[in-house]
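Please see the structure below; I have some questions.
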Amino acid sequence: MRRPCKTTTRGVVVRWIMSEIAPIDQLPGGLESGLEAVLMVADIPVSSARLAEIFEVPTARVAAALETLATEYDSKDRPRGFELRRVASGWRFYSRADYADFVSSYVLDGQTARLSQAALETLAVIAYRQPVSRGRISAIRGVNVDSVVRTLLTRGLITEYPEVGDGGATLYQTTEYFLERLGLGSLDELPALSPYLPGVADLESLDSATYDD
Amino acid sequence: MSATLSEEAATDSTTPAGAEQESAGGFRLALQNFNGPFDVLLHLITKRELDITEVALAEVTDEFIAYLRELQATSAAEGSDGMKVLDETTEFLVVASTLLDLKAARLLPRGEMADEEDFELLEARDLLFARLLQYKAFKQAAEFLGERYGIEGARHPREVSLEPQFAALLPELVFSIGPDALAAMAAKALAPKPEPETEVGIGHLHGANVTIAEEADAITALLEARGTLAFTELVADADAQLVVVVRFLALLEMFRQRAISFAQEDPLGPLLISLVQESSFDAQAVQDDYEGSGGEVDHE
Amino acid sequence: MRRPCKTTTRGVVVRWIMSEIAPIDQLPGGLESGLEAVLMVADIPVSSARLAEIFEVPTARVAAALETLATEYDSKDRPRGFELRRVASGWRFYSRADYADFVSSYVLDGQTARLSQAALETLAVIAYRQPVSRGRISAIRGVNVDSVVRTLLTRGLITEYPEVGDGGATLYQTTEYFLERLGLGSLDELPALSPYLPGVADLESLDSATYDD
């Protein structure tokens, strides 16, 4: 796989065209393992174009490697418990449908129909401070909120905001479903915070989104 | 408990980055790089590569003074102004004041615990070294945690949201709260929180309304009124041992800020204290130093 | 692996005792693929005991299968981009550290944010002395720790202990996330403190003797 790297300008061009000695090729496992690493932690499907950028290789090479991986996981001899599927926006790891019964029993085990106090508080903060990042919610609540934010996402009460915040942080907002469940027509119908804050002098500043963390 | 932290590695790690140039022979302490007085003390002691259980404070002090003499001779030979000597002296005094802080803990009224025998048992030096030993152990542990934290940071756990077909299996949420309850919850979470009571360990120093700032003011007033005074004269009006202790700490602070000067005319003679005329001593800043974050800087 | 399934009562009993023909064994890929499928949807470490319940097989068999998978992924020939690791109270998929550069260019989550020396030392005191009050930590470290404790709470590395200490002081303890984040199976895996340290009992009295007035 590794070839001597030419240092001439033409050599560099060749490197990119040939795409044989990208940084990922220096690592054991090469591009395929690299793709597995990124996709293993990706929550949403990742396009082959984006993966090509990350690994500095041509999109076609990424696409081919993804197909190879997907086929390998589907092997008749030993189908993996996961599959790599291509959906509209890109590639993502899913659990294999054959094992859905077991996955379901894991998912349902210990589930309740109620949100925990921590989840409700987090939802309240998001409702009044949206769009807001997880870091900001953590700062406001003084605890790590990663897992409750995931629960709220899974439950469809919040969703990712289309734009990213400072430093590329994902922002969250409440959903239509959230309004429905609360019996509200729109976010404007959320009660003002002021009456719930006796003793706080500057209520206006609290209601407007100026919380400093 | 599977392993024991490497003593060697940990000893190295207690040398803060700012102290690297010490191999050139200095005793310099870049205080801003240290993590509080224990850090400085620990550094002083590990620098000498001695088992800290066997080191008496007096030895560290003696060595420091010997080093200062050498430095003084060098700067005299080089014709420099001796500022370096002063800097290092004042820095060492901060360390010395920490030692006194610990000694002070022993001198202060302790209510029903004030048993003479207890005091003898809690001999200040032993106490200090035991505490340093403990601090050192935790520094080693912190290094282990730091390494793990760094290594593990290169791995990311899979924590993705549930695939839709499984999310659909979840029991329909029972929403037990309405908009008002949600607003109340948000208000509570967003309300400014009162700062937690500071629990600084040296709180006992001014438990009886004796503060370093006030005593520094008292000293300044005395010196302005009467010129050069001996320490015994400065504490002549003290009505409690606590005042004597705090006034002494105030002196160390004032010296650190170059607000006063010391003179000792004969060996073991009285220590004479006088105001440095052009100084601008900020008593309140001293108080802040003692009550505030104690040098804790959190860079995140 | 597959055996003809007897339908007599005795056959069912045998099936459970032998633990060879649990439902998962009827599927291609068997237990190993089943484990992969469940772990693929898990967002927290899953214990082998819980997995054993889901697949109706003995815990020892699950543990062995997990070890087999982990070893397979680590193969020298072709290390996978992911690893299966045992942390905190269970098993979980991680991206492999070798590909950290590529993964972190995709993931932006503060995972790599460093902890200050002050935070690490405070964390160490809490880890070894938990549950412990801020006053105790300050006494041990010789500095005020309020802001660092807040940082550790927000990061989710520590949490408040359910009961208060002497004089109503809030006590702190490390979290499961602390173990996960440090890749530890349990607190027992923390190395012993310096062998030169006086006994713990002595230190307790040392801390309180000086500062708890």
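For clarity, chains are labelled A, B and C in written order, and residue numbers in each chain start from 1.
Keep in mind that, in the parts below, contacts are C-beta pairs under 8 Å (C-beta built on N, C-alpha and C of every residue); 3 or more make two chains touch, one makes a residue touch a chain.
In this text the structure is predicted, and so the values were computed from the model without any measurement.
**Student:** Comparing centres built from CA atoms, which chain ends up most distant from chain B?
**Tutor:** The chain lying farthest from chain B is A.
**Student:** Which chain wins if you rank chains by how close their C-alpha centre is to the centre of all protein C-alpha atoms?
**Tutor:** Per-chain C-alpha centroids ranked by distance to the global centroid put C first.
**Student:** With chain centres taken as the means of their Cα atoms, state the distance from chain A to chain B in Å.
**Tutor:** A distance of 44 Å separates the two centres.
**Student:** How many angstrom between the C-alpha centroids of chain C and chain B?
**Tutor:** For chain B versus chain C, the centre distance works out to 35 Å.
**Student:** Starting from the mean Cα coordinates of chain A and chain C, work out the distance between those two points in Å.
**Tutor:** Taking the mean C-alpha position of each chain, the two centres sit 22 Å apart.
**Student:** If a residue has to touch 2 or more other chains to count, which residues of chain C qualify?
**Tutor:** In chain C, 39-44, 82, 93-96, 103, 107 touch at least two other chains.
**Student:** Could you pull out the residues of chain B that touch at least 2 other chains?
**Tutor:** Where chain B meets two or more other chains at a single residue, that happens at 156-163, 166.
**Student:** Any idea which chain B residues touch chain C in the complex?
**Tutor:** The contact residues of chain B facing chain C are 1-5, 7, 10, 35-39, 51, 53, 98, 102, 105, 110-111, 122, 127, 130-131, 133-146, 148-163, 166, 195-196, 198-201, 203-204, 207, 292-300.
**Student:** For a test of understanding, state which residues of chain A touch chain C in their complex under the given definition.
**Tutor:** So the residues of chain A touching chain C come out as 23-24, 27-29, 32-42, 46, 50, 54-55, 76, 78-82, 93-96, 98-103, 105-107, 109, 135, 138-139, 142-144, 146-147, 150, 167-170.
**Student:** Spell out the part of chain B that touches chain A in their complex, as residue ranges.
**Tutor:** So the residues of chain B in touch with chain A come to 156-163, 165-167, 169-180, 182-193.
**Student:** Taking the touch rule as given, give the residues of chain C at its contact with chain B in the complex, in rising order.
**Tutor:** Against chain B, chain C makes touches at 39-44, 82-83, 85, 92-97, 100, 103-104, 107, 109, 111-121, 123-125, 127-128, 133-135, 138-148, 151, 169-170, 180-184, 188-198, 202-203, 206, 209-211, 213.
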